[in-house]
Structure formats: structure tokens, C-alpha cells
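What follows is a short report on a single structure.
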Amino acid sequence: MVYIIRKEHFNSAHRLFRPEYSDEENLRVFGKCSNPLWHGHNYVLMVTVKGEPNPETGFVMDLKILSQLIDEKVLQKLDHRNINLEVDFMKDKLASTENLAIGIWEELEPAVHASGAKLHMVRLEETENNIVEYFGNK
Amino acid sequence: MVYIIRKEHFNSAHRLFRPEYSDEENLRVFGKCSNPLWHGHNYVLMVTVKGEPNPETGFVMDLKILSQLIDEKVLQKLDHRNINLEVDFMKDKLASTENLAIGIWEELEPAVHASGAKLHMVRLEETENNIVEYFGNK
Amino acid sequence: MVYIIRKEHFNSAHRLFRPEYSDEENLRVFGKCSNPLWHGHNYVLMVTVKGEPNPETGFVMDLKILSQLIDEKVLQKLDHRNINLEVDFMKDKLASTENLAIGIWEELEPAVHASGAKLHMVRLEETENNIVEYFGNK
Amino acid sequence: MVYIIRKEHFNSAHRLFRPEYSDEENLRVFGKCSNPLWHGHNYVLMVTVKGEPNPETGFVMDLKILSQLIDEKVLQKLDHRNINLEVDFMKDKLASTENLAIGIWEELEPAVHASGAKLHMVRLEETENNIVEYFGNK
Amino acid sequence: MVYIIRKEHFNSAHRLFRPEYSDEENLRVFGKCSNPLWHGHNYVLMVTVKGEPNPETGFVMDLKILSQLIDEKVLQKLDHRNINLEVDFMKDKLASTENLAIGIWEELEPAVHASGAKLHMVRLEETENNIVEYFGNK
Amino acid sequence: MVYIIRKEHFNSAHRLFRPEYSDEENLRVFGKCSNPLWHGHNYVLMVTVKGEPNPETGFVMDLKILSQLIDEKVLQKLDHRNINLEVDFMKDKLASTENLAIGIWEELEPAVHASGAKLHMVRLEETENNIVEYFGNK
């Protein structure tokens, strides 16, 4: 078993808040991340896929194919978007890095599976200091 | 003359657009950066100040002081904010990295000058690939 | 289960030596790291905590809380300190990166546990080339 | 059990191709990586070794020793070399990052084992976006 | 005057040698960089352009346009290529980082000039430790 | 004129203090950097040299030679040393990054000059956020 990792980037706006909270309550729980007029991040996304290298190509999966698949399933929906307002798979969810990593996993997993490999990890860096890793529902 | 540099970060939302343009025209000129529902960035700010080291301290300027000054004059206004809607010194300006670097220079320059040193450069990284440097009006 | 990572920094002095060795023996075993007049590092600390995201906040643990906890339990004791002479939890231990990572784990684990999450990994980078990871006593 | 990581670099030329394919077929399968006149990379190699810290030294394994061992077994063969033409352990193999990581594991494993520690992972970064991790034949 | 910087990457093979030298002489002068079977690098290219921001767009020059121009004039010729054998503007030149930076400047300068801005610097990083900066023929 | 840059590292202990100050006064002026039991840093040193490329080699100066010269004149004195107590060229000086950069310039300048090139800049990063650049006495 060999693990391959592809690193991608996207730039999005979001805010952390619960609609049933007052602005004061959101500020108390989520701090400046609750700003009603949004803020944003340069997210760094690292996707790990595992499998046996194909003897014909030496690849677990062609990283160009993995990159296109991430672009189609994830980046097209998130890049230069408002995560709270424009991303179908984040609708009605808190836009935390944890929930975003889980959402990205669920978008990617069927497509990686269909390619014959296995999704192993989604790592999402909101800033260089705040990072989430998700290995699926286990 | 010695140059000292302090690196800081802020995370903001913005969009590039002209209010007199239609959405289509904004999209044509500014691409996905014109998204009306905003996107955002982890901006990296590097501020260079020059002067002679103080013989008593060995410092051109105490970098903790410079950091506090940047925080007070710039980060408090920009961090976790919407650059188009909430930042006084960007009001009625296009929120390009160029204009933002010039605006930051103008906020910082009087305070650095008052401290006895000279502001030399404001460098602003919108992403690791897109960077602006401004050396003042000369 | 979701994993969250917080990255912090501290700058400390240390030396590697055994008090019962002569200076020559310490030099032979520990090389230039045994310099009796100390040297130091910008340590990079990455702390991984795991748990289920809280449905109310979307957080495994608020990263600001984790950062404060690391500051209180670890950075206050290590930052701008002499690891051999001033750090209670390193007393009478060799100040290797391995022992320092284990010591940091033991300082953090009860506090993370009390917060309702689980400490998963302490990663300590002495330099960008020399790194230690510790997953607890298992 | 503690994990230690040593980061090293090497700069090599390679190409991806199958000798029984035509140039067109190699281009279709391997893209620009099949260029018959070679291209190259600054590879980043991270080697993880695990074990118990030696009570006498505080080290799982002296990182200087690990670095020398990587130099002798791997870097001397790969650095400033043509991976397809000059590297004995890659002879008759596709020079993919996957196969190179497996080859490096096989070169290192006996030497790490002989030192009393256990090789845990070989991580090879071909570019900052394309990375492979190998944990041995399991 | 504002300076904008675009960062790009290319991966190429090269060797340092003089055809009139023997292999031994090339090895003596150029070290392992003279390996006749090539080696390669992940080059990092930073291009600085200066000018006044356009009042209509806030841009000195649209960084997407600058990126396309770098791609067309430089990356298409260098990426996944052999610098000694396949790059027209390096023909009969020593493939040192210095000469490559000068060659890239000469490829880019007319196109940047035609766009109405001024090329200020070409910075080329062969490795993270070996870097060249060129400001044109002055 | 072409500029070449070599990046090097050293790890040292230091403290900021004036011997005629009390501990309280040193703490007030220099903060935690005045800790009497030292702290330390992974310093990053970038040395820029300028000149015309030698037509025979394509080099302004062989970067291996520059690296050896930096090692001999600077790193041998600073690496794994106490800057206040063990470094001849810092004797009786405040161990600020500014003074250290000036001291390194003075150590390097005659040797670079003797090689036929010109020293252009010494850049010293104490941390990734605190940086000094020195261009000589002008």
C-alpha cells in the first residue's frame, strides 16, 4: 500500500454563527470569526489517496487525474465563493474547518472510489496555525 | 542605515468590482474576484522600517513596538473584516492588493515617523503567488 | 472522529550533556549540541487533538482554547527559557527533542482530557530537518 | 514509542516512460513527464524512524547518524544523478515517485534495522504539490 | 510607483559544463553539477513588474495577464525540458542560474514593455539555498 | 550586474541586556529577551553578492565557494555558540539582530571583496517574523 498526496488551494469567504443566536451570543461563542460582514481565508487542501501502484504506470493514481477530480468536485464549488451562501454541500451547516473537511471528504470519496483507489485523508489548513484532518467515518 | 522587517497576518473578505459596471462587466474585468458574495484571503503583511540602531538598545526600533503599532493602525481595522464595507481607509477605493498596500502605507507612515524611524516598504502577499510592494509616493 | 492541529512556537536555550561525563565525553556523544555555554532553537510545536465536532459549534475544541491551554501549560514554561535550568518538567532529564516532546505531552494531556477531547500527538520541530512525534505511552 | 524524522534533499533528472511504448503513447500516458530529453526535480525526502529513547542519550537514534546513513545509502546514489540511467535500485523500474519511495525504503530498511531502530515511513515530495508516503510492505 | 510580483514554477533538467573541457576538467570546475547524464531542479521564478495602478482596475497589471505572459514566453519553453538541449534562448550558453535569469529577462522584457508596465526584477531560485536576482542591463 | 544569494542557518543562544542595568531595568527594556539564563534561535542568514557572471563559468561567484566562505568566517563562530560569551566580533556589543547583521557583514566583506565580487546585503532572520537587512555603511 502506497499513499499519494495532492496539495491544492482555494480562497473563500465565510463566517461562523448560529442563525438562532443574537449577534452578541455569536460574538461570545465564535469571536471575531462571527463578523456578519464575512472574512476569508486562503485554504490549503491536502488529499491523501492510497492503493497499490499500477505496474503499467508506476502510479497509485495519476496525480493529474486526482487534481482534476479535486478541481471538479471541490474547488469549482469553493474557490472564490462564500462558503455559507454558495456551497451546496455546506448548506445549513456551521462553516467550521471541521465541517468543511468532512464535507470535502463526502464530495470526493465516491469519485476516488470509482477511480479504483481509496480516499485516506482530507487535511484542510485554514491558516498555517489551524489545521483539521479527517479520515472518514470510523 | 539598517532595515528591520516585521511580518504580520490578517484574514479578510473582499471583492473586486466597480459599482457602475454590470455584474457581467465586472466578471469580464475582474474574473472570479468579482463574485458579489465575496471571497477572502490570509494576507501576509511585511513592514520594513529603516534607521540607525539606538546605541542604548541595539534596536532600529523595538520590533514589539512596531508590531503593536501595526496592530493598532492596520490589523484592528482589517483582520476578520470586509475590506470593501468595513475599512475606513479603503472606502470608495477598488480593493486591489495595490490599493490596499498604498492604504496600509498611509496608515502606518505618520506613526512610524513619530517613533523616530522611517517607513521603507509595505509588502502585501494576497496569496503566495500574488504579491505587491510599495515604497511610498516616489 | 476528527483531528485538529494547533501550531505554536517557542524560542529556548538548551544543551545536551550528562553531568557525570567529562566535557570531552559529552562532546564525543552529543557533538556541538553539548556546548557548555548553551545554544538554542526556534522550536515549532504542533499539537493534535481528536474528538467529535460539537454540533452546537462545529468544533472538536475551540482552537483559541487549545492555544490558550498550550500557552498556559507549555509556552509560559519554555518560551525564552533555558530548558535545562528553568523548566520544572525537564528537571534531571536530558534535554533531547524526544524527551521534550514526551514532557510536553505529559503537561498537556490532563488539561486536554479535562476539556473533553483527547490528545493525539505532540510534534516538535527543533529545526526544519530534525523532528519528533509522540503519540503517548502506547 | 517515539518517532523521529530527518529531512533531506536531492536533485535528480528522470523521465516517465515505458520502453515498449512509442513516443506518442508515452506522451499520452505520462504527459510532459515523458520528455525523452529528461526533466528534473528538487526532491524532499523525509525519513521517519521509531523506537524507545535510549536512557543514556535521550535519542531514539542520533539524527546525525540517521542523516549519514541516508546520505550513504540513498543520497550518494540519487543526488545530481539520472534516476533512470544511473541508480542501481531503480534499474528496469518506472521512475515514478511511488516506485522511488519504495526503492528508498528498501535501501534504508536493513541499515536502520541494524542500528536497533525501526524504519516507519519514507515520504518523498517530488514537488510541493505531489507527495508519496510509504510505510513498508504491509 | 507600485511593484507587483508573480511567483511561478518549472521543473527542468540541465548540466553545467563547457564542451571544450574534458569530463575531469568539468568535474573539477562544476562539481557534481557537471554530471553528463543530467540532473534537475524545481525552479521557482519570481517576476517583479512596476508601474502606476490603473485607476479603472486598481491594478499595475492584471496578475492573471502577467502569469499568462510568463507561461507563454518562459514556462512553455522551460517546463519539463532540458535547458541545455531544448531551450532556444539558452543555446550555446552555460546553463547557470545567472545565465538562465538573464535569458528569462530578455524573453519577458519586450512583452512586459508592450503591456505598458516595466519589468523590474527576475528572481530565480534553483534550490531554496541558491538564488539569483537580475534587474536588467544596468 | 547580477545578484546571487546563498541561504545558511545557525543555532545560537543569546540574551539582550546592558550590564550596567539591573535585572528589572533589563526586563523593562528588553522584555523576556533579557532572561539571564539565555534563550536561543534558529537564525536564517541570507548573503547577497553582486558582480558580472564570469564568461568561463557563468557564475558571479561559485555558490559552493560562497557557502564555504560563510561557513569559515561566520558559521564556525556562531553555530551552536553563545553569541554574548563566545563570539569575538560581538564582544562588548548588544546581541541584537541589527548588531549581529552588521557584525556578520564586517566579517564577510573583506573575504567577498578578495574573491573579486561585492557584498551587497546581509539578511538575518531571528524568527520568521523578525528580520534585519544590512547593506553596509552607506
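Note that the chains take the letters A, B, C, D, E and F in the order they are written out, and that residue 1 is the start of every chain.
The definition used in the following text is that contacts are C-beta pairs under 8 Å (C-beta built on N, C-alpha and C of every residue); 3 or more make two chains touch, one makes a residue touch a chain.
Just so it is clear, the model here is predicted, and its values are computed rather than measured.
Counting steps between touching chains, the shortest path from chain B to chain F takes 1. When the contact pairs of B-F are matched by residue number across C-F, E-F or A-B, over half of them reappear in E-F. Fitting chain C to chain D on C-alpha positions gives a rotation angle of 120 degrees, to the nearest 5. Among the remaining chains, E is positioned farthest from chain C, on the basis of C-alpha centroids.
Between chain C and chain E the centroid-to-centroid distance comes to 42 Å (mean Cα coordinates, whole Å). One simple way to say how far apart two chains are is to compare their mean CA positions; for chain D and chain E this gives 28 Å. Residue positions of chain E touching 2 or more other chains: there are none. By the definition of touch given earlier, these chain pairs are in contact: A-B, A-C, A-D, B-E, B-F, C-D, C-F, D-E, E-F. For chain D in complex with chain C, the residues that touch the partner chain are 1-8, 48, 53, 56-60, 63-64, 67. If you check the complex, the residues on chain C that touch chain D are 16, 18, 29-31, 93-99, 101-102, 128-135, 138.
Touching chain E in their complex are the following residues of chain D: 9, 11-14, 32-33, 35, 37-42, 79-82, 85-86, 127.
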